[in-house]
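Across the two complexes that follow, chain A remains constant while its partner is chain B and subsequently chain C.
== the complex of A and B ==
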């Protein structure tokens, strides 16, 4: 694995990820996730749906295609919740702001002139690719971030035992590895033919989060 | 219109919007010390400055609503950010959400001169990143106890300005102002300290003057 993948996956990477819970805050406020019992299911479900989609597009972006707008539009089409699109673009832009300083490149300039606020997985893939990492590296980063963010949010919102939660994330290693391999295998497909896994449940949680934020306290942006 | 270069007619045009970005001031300090009250006071006092505000309060809309109700700032000049339950992270380690908010305000209001960023209330170790703000104010209050300046911490020792607020409460809580001020100066060396009561001087004249000095 390329070291750039470690930098991107680090929770201390200053790309704005810490203010997103990936639907976990809404799930907690509805009593769907109350503690250590429900969290592994939430994380696995997220990894296999939103995480899979992120891995697929991060892997494709790591090949540094020239049609960035086309790739971004295909991911947009696979993200039905407007709130999730907003959250993904906010994280994509934040991750890119830090990334262009770390790995300056004309490739990133071209991406940003085509798509000023790229989706998060596309940013992750492009940065990994520019830094010399592989599509599998990019997919692993995207998949890992799809679960590490909500896991950290669960510790903060529910006061869970951080050792237990950390072990849950580590437990997903095998799943993450096969996912990265799978995503790398589809990376070179035409963008329109890339897989389209989805999770209506997470889409609805994202919409509910955005709606409730207007009425009561929400600590996370998504 | 007079084309004579020596003529001294008043300039008929709006000043060119300052190129580059607005000056950014961070206001930090513990919960309840008076950060929002000071922000409102500055909005009232600095009428000649084109300014906007970013708030990081847990009730993201609470401080924003206060500023709107106080009638000191238009709604579209206030941005509220969510900090994921980590107020110090959002102003120090990962400033992305706050930078996004500042940039949104700058895009919406070309020629903006000043952005005030109010942190969520935190402990004495919370300071703003220099990547987010050009100058920072740390607000503590008399009611928090007169030992606060002595405790130190990066907020008290390194902020560009320390404000000791709510001096009107000193007799009620038995705080010794002379001790607070001399401790503050001892901890801060040559950095400035302002004591104020927003009840007695609601427009925070001393802090406003300090800010004007930075903008010149």
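== the complex of A and C ==
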């Protein structure tokens, strides 16, 4: 795995990912996730839905296509929830801000001139690709961040044992590996033909979170 | 069984006229006579279908300015057969044309292994209203495998692309997937202005469809433990659209 993937997946990467819970805060506030028992199912489901979509687009972006606006529009069409789009673009922007300093490249300049606020998976893919990583590297980072963020949010929201939660994330290794391979296999497809796994439950939680966020104080932006 | 049915509707003055009506068993198309304005066609399954191994395609073209309402069909997806079954509904909706299809729920029975694809290509001011209700198994029945794929484009740009797979407990039960609900219902409306901001409640939402700067319609989504609850939640979402 390319070192850039480690840098991007590091929780110390200054991309602002720590303010997003990936729907977990809403699930916790509604009593749908109460503790260690429910968390593995939440993480696995998230990985297979939103995580799969993120992996697919990160892998495609790692091939550094020229039509960034087209790739962005295709991901938008697969992200019907405005709250999910906002969260993705917010994380993309934060990740890109740190990324252009780390791996400056005319490719990133072209991306940002076509799409000023790129989606998170496309940002991860573009940065990995520019740094010399592969589509599988980018997919692994996107898939990993799709679960590591909510996992660390769970520690903060529910006061769970960090060792236990960390073990849950490690338990997803095989799943993450096959997902990255699968996403790399579709990376070169025309953007319109890329897989479009939906996540209806997460979308509804994201919309509810956005609504509650305006009404009461929340710890996480999403 | 492989079958391809085809339907073409054109506008003649204020009326919509059926130009092509090609049924292909088990897809039988029955026009309703004496309708004003929009053409109305009933889609009837003339055999038990889809059976495993079936590949059924229905192509519908609504020419510019024409209107069509496709009625039916109550579908119980995929009875056991040889292999995977597939259905494909292909819609082409021209500028100023409209198409409406509000079929009965699709029940994903235990032995289902079915792939349902919908592609809709819209042009200009085309209007589309489409409802889909998935019921995961009959009462106390585990659902089979169903993959639905929805591809809607407007002036060759992507509006909505979503696929959903049922039959994997890890996603059926997960909060990310169907959150343990048995019924998922959605309504897509294109060519209707959405409310200024997304609207949501517990397990339902109504969101604008298309680019945030130029929405083209809305998508209403509801999950429920049963069809009645899901339908009531969808109703709450749609009420927000009509405001």
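Just so we're on the same page, the second predicted complex is superposed on the first by the 222 of 222 C-alpha atoms of A that agree within 3 Å, B and C clash if a C-alpha of one lies under 4 Å from a C-alpha of the other, contacts with A are read in each partner's own complex, and residues count from 1 in each chain.
Keep this in mind: a contact is a pair of C-beta atoms (placed from the backbone, for glycine too) under 8 Å apart; a residue touches a chain by one contact, two chains touch by 3 or more.
Since the model is a prediction, treat every value here as computed from it, not as a measurement.
Under the clash rule set out above, the superposition-derived model of chain A with chain B and chain C shows the two partners fitting side by side.
Of the two partner chains placed by the overlay, only chain B lies in contact with A:157; chain C stays clear of it. When the two structures are aligned on the shared chain, A:85 is found in touch with chain C, with no touch to chain B. Contacts of A:56 after superposition: neither chain B nor chain C is touched.
An angle of 120 degrees, to the nearest 10, separates chain B from chain C at the C-alpha centre of chain A in the overlay. By the touch criterion stated above, A:172 is placed in contact with neither chain B nor chain C.
Using the contact criterion defined above for the overlaid structures, shared-chain residue A:97 touches chain B, although it does not reach chain C. More residues of chain A are touched by C (comparison of chain B with chain C). Contacts of A:48 after superposition on the shared chain: chain C is touched, whereas chain B is not. Of the two partner chains placed around the shared chain by superposition, chain B is the only one that A:218 touches, whereas chain C remains out of contact.
Once the two complexes are overlaid on the shared chain, A:127 sits clear of chain B and of chain C alike. In the overlay built on the shared chain, the residue A:74 is in contact with chain C alone; chain B does not reach it.
Taking every C-alpha of chain B against every C-alpha of chain C after the fit on chain A, the minimum distance is 18 Å. Looking at the complex, you find that chain B touches chain A at residues 58-60, 81-86, 89-90, 93-97, 99-100. If you check the complex, the residues on chain C that touch chain A are 149, 151, 157-165, 168, 170-171, 173-179, 184, 198, 200-205, 207-209, 211-212, 219, 221, 223. Remark: chain A residues 12-21, 90, 93-94, 97-98, 153, 156-157, 213, 217-221 touch chain B in the complex. Note for the complex: chain A touches chain C at residues 23, 27, 30, 32-33, 41-42, 44-46, 48-50, 73-74, 76-78, 80-83, 85, 192, 195-205, 207-208, 210-211.
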